[in-house]
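One structure follows; several queries about it will come next.
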Amino acid sequence: MTLVVDALSCARGGVPILTGVGFALAPGEGLVLRGPNGSGKTTLLRALAGLTPPVAGRIDAPEDAIAYAGHADGLKAQLSVAENLTFWAGVFGGRDISAAVEGFDLAGLLDRRAGNLSAGQKRRLSLARLLVTGRPIWCLDEPTVSLDTQNVARFGAAVRGHLDAGGIAVIATHIDLGLEDVQSLDITPFIARTERQSADPFLSGGAL
Amino acid sequence: MTLVVDALSCARGGVPILTGVGFALAPGEGLVLRGPNGSGKTTLLRALAGLTPPVAGRIDAPEDAIAYAGHADGLKAQLSVAENLTFWAGVFGGRDISAAVEGFDLAGLLDRRAGNLSAGQKRRLSLARLLVTGRPIWCLDEPTVSLDTQNVARFGAAVRGHLDAGGIAVIATHIDLGLEDVQSLDITPFIARTERQSADPFLSGGAL
Amino acid sequence: MSIWEYANPRKFMALSGAVLPWVSAAAAIVLVGGLIWGFFFTPDDFRQGSTVKIIYLHVPAAIMATSVWFMMLVTSLIWLIRRHHVSALAAKAAAPVGMVFTLIGLFTGAVWGQPMWGSWWEWDPRLTAFLILFLFYLGYIALWEAVENPDAAADLTSVLCLVGTVFAVISRYAILFWNQGLHQGASLSMDAEENVADVFAYPLWTSIGGFFLLFLALVLYRTRTEIRARRLQALVQRERMA
Amino acid sequence: MKGLLLRDLRLAFRAGGGFGLGLAFFLIVTVLMPFGIGPETATLARIAPGILWIGALLACLLSLDRIFALDWEDGSLDLLATAPLPLEAVAAVKALAHWITTGLPLVALSPVLAVLLNLPAEGFPWLIASLTLGTPALSAIGSFGAALTVGLRRGGLLMSLLVLPLYVPTLIFGAEAVRRGADGLDAATPLALLAGVTLATLAAMPFAAAAALRVNLR
Amino acid sequence: MKGLLLRDLRLAFRAGGGFGLGLAFFLIVTVLMPFGIGPETATLARIAPGILWIGALLACLLSLDRIFALDWEDGSLDLLATAPLPLEAVAAVKALAHWITTGLPLVALSPVLAVLLNLPAEGFPWLIASLTLGTPALSAIGSFGAALTVGLRRGGLLMSLLVLPLYVPTLIFGAEAVRRGADGLDAATPLALLAGVTLATLAAMPFAAAAALRVNLR
């Protein structure tokens, strides 16, 4: 199981954002995506997760192997923390949630309504969801937003554990996660310049 | 113009969160609120902004002096960046937006739809809004979420400028903003302990 | 000691706990007594036959249905002005009772309408206004259910109750304008000409009294439950925060 | 104030802003009626005033959630509440924007739909007059309902439940005016009553709406 | 799958989940009609089948946004799309949950409202039969409309616009069955046609809805 990305081009709303992105990750390898605001990290991660089809290039990953966590939390405000986790566990094949609860110290919050959590508590819950998916490839978009230092460390430990168990992780972030020996990729060089050939059929060719 | 908070108690949804918070800020002084996730920073800032009435205690601030920026961005996805800023400038008395545009380097984005911005770009826009309010007291809840390092520095400069111009700022954050000589307050000691007397009439008194 | 003391949950629990058994007993006796008197010891009406006996359920239920809304209005005002929690909870507790009275009124009316007017339902002003009242009860209860923070729910429902009352009154007159109806006028007015015969009136008054006592007992009982639920919620939340 | 009104109008006219959808809904409900009720012209003409009024009312109702819900979700309402505008003015301006983008177009479209439903010619002036007088009340009452339910995720249906009973007087007087007008009777009385209801609503509702908003913002 | 169904049902029954509001809306629309149309029993009885069907249809319509919109907003839909369930199954399960929480209660309430509108006694069995057969189609078609508009902020009204024309066949056959039934005529033919429409919709709509969802998730 590997994740290979080759000459990938992505667009958002018809605007080319990234071109020629390529990397390969073997089991146990992580990749930290870096780049200034608006460079295209979210766009790339959504393409990896299969949500936005790429304009060109290739994403090679086993089917049904990717777990995605984006800017939004994906929580149901009306359900309790435990119900939220159990639901996602059920969707991904009924694993048990105790590891996730432990990994993000949610035991004390289990029967609080998700809507009443603070921003950081919500974020912890949505990260815990990754653990119950049991998926080997994690695509995470700024996972540490709103987390305090202790919880950032907890998250780092969770990623570490996932990689050590043979998982893969692609993480877009602006802060230091404290993960040594993890490669990092600056996506600035891949930002689509307008001079480059665009995929838009209305631009290619001469004047109309 | 000062901001004085005295023996303040705050509750959320009837649950006491903080008790006995007190501090005083003179013009030019900033305060960084610190505390782990779920400690009550958001709750305190909403009380300062006048959105949640406090359970007990006193908040002394001139009327109509506080500008609040919360976890949500407060942007209209359908309006352009310029329209969003102009609108808020109008609401707060028609100041001009050029300083805000410059302070957060929005010139290149002015006629993009706010809905098509990346997370960090949105955040910059919502911070720029603070500059157009012209209000002297800023209450900011994790303002640097999603910002890259360069933009965090920009934000730091904006706060510095605001303080130097005689403003006041109360900022909840988990990261280091690079603002020296600004006091910081850990709110952990103020977290409402259950042993303390609660204001809830349903808890006072013996068994029912 | 002022009357507002009883707005303290604990005081209220003590007082209501003491009177509740008496009120319940009185309600049972008066209600059952009134209904039996009405059903079995009054003559049949010369025009309506024995169907007239529905009056002992219908009229008290109808009168109570409007009175309960009025009581909710008063307690809502008390909450808005003096912020006594028991007052808000009493309004919350009364609403389903009032809704059930409204339903009983509608249902008995429908059953009565079948022999009297030949149809289960007529768009008569009074019936229609009653149906609107039912809708107001529904909305009020739904709002209580939907808002999670109890104090916010109390505030919002109180505002709704005030606005709703005004609109209910306007609707009543609007409906009169829209349709002049079939329904009985006031039969228990002070005007002796229009009054029903005494044989019917005495048991009717008794069952109205019975319905009122029943309402009182139910509201006390439900308010106590609401207070306990709130206390339980507060305790659970305190546990969790610890 | 003016800025807020302009912004709300601009938002409504922007793509995805929902302007025109109220109209389209009005159109479709009116067109669906004959499918449900059957095509006899006489029946349709008789019930046309009612159908038109109810269609307009539902179209108004369905667009109410844009008064506050979007501003709540993206945090603008928090900011507006801390802005130097009284919340009552915010509520009033937003109800006005709603009326301009929904009520007014409904009035303009109604004669066309009246033709579809064979409303007698005498009814047309009364239809337009009653809708012009009545729709502001629908927007004002609606702003109160929207304010009550603004914090709730699925507020739309609950809002309908709360608002529809409040619409009863407006509906009765409005439809009655058209009905009398179409029958050639005197329709001035219901119209005057309708105007009275509208004035009272316009005066009172911004305060009720602002009170509800304050509670929901806590 | 079962987990998803249970979650959706649980969400609907939770406080603020909107269960029962569809019913209340149905009730209110039916009650409002006479205010618009006038109180004459004969007229009302004549149009009762149409009013009841249109009321049920609108109540369904207004609760459609809970099929996908909330899951979209909080990001759950992104996650469901990457989960090991086919998106078609997700769409079908969500339409089923919608029917259980909206369509079924509507069927149960309809006889009561039929009494209010003086529907002749012969019409009752046909009313219940036609609604039972027709409401699943309303939910299925609705899930497609909801999927089409899921990414739009103010999708509710646009969705109504897209969905209402698709509801026309169901409405025609359903209301016709009740009308014939109430008149004592043979109503089996429209009922059979209604069943045909429903079956076809149930078979096709989950695929259409899933396709629309995929596009909107891009």
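Descriptive notes on the structure:
Every chain is named by a letter (A, B, C, D and E) in the order it is written, and numbering of its residues begins at 1.
FYI, a contact is a pair of C-beta atoms (placed from the backbone, for glycine too) under 8 Å apart; a residue touches a chain by one contact, two chains touch by 3 or more.
Please read all numbers here as calculations on a predicted model, not as lab measurements.
Number of steps on the shortest path from chain D to chain E, with steps defined by chain touch: 1. Highest inter-chain contact count (C-beta pairs) belongs to D-E. The distance from the centre of chain B to the centre of chain D, with each centre set as the mean of the Cα atoms, comes to 37 Å. Chain A and chain D have CA centres that are 44 Å apart. Here the CA centre of chain A is 56 Å from the CA centre of chain C. Annotation for chain B: residues touching 2 or more other chains are 13, 71, 77-78.
Touching of two or more other chains is recorded for residues 16-17, 70, 152-153, 158, 161, 164-165, 168, 172, 218 of chain D. Residues of chain C found to touch two or more other chains are 132, 135, 138-139, 142, 146-149, 178. Chain contact summary for the complex, chain B toward chain A: residues 12-13, 35-39, 42, 71, 116-121, 123-124, 142, 145-151, 174-175.
Chain D contributes residues 144, 148-149, 151-152, 155, 158, 161-162, 164-166, 168-169, 172-173, 176, 190, 193, 197, 204, 208, 211-212, 215-216, 218 to its touches with chain C in the complex.
Per the touch definition, chain A reaches chain E in the complex via residues 49-53, 64, 66-79, 83, 86-88, 90-93, 129, 133.
Contacts from chain C toward chain E in the complex involve residues 110, 119-124, 128, 131-132, 135, 138-139, 142, 145-148, 178-179.
Those residues of chain B lying in contact with chain C across their complex are 13-16, 192, 194, 198, 200-206, 208.
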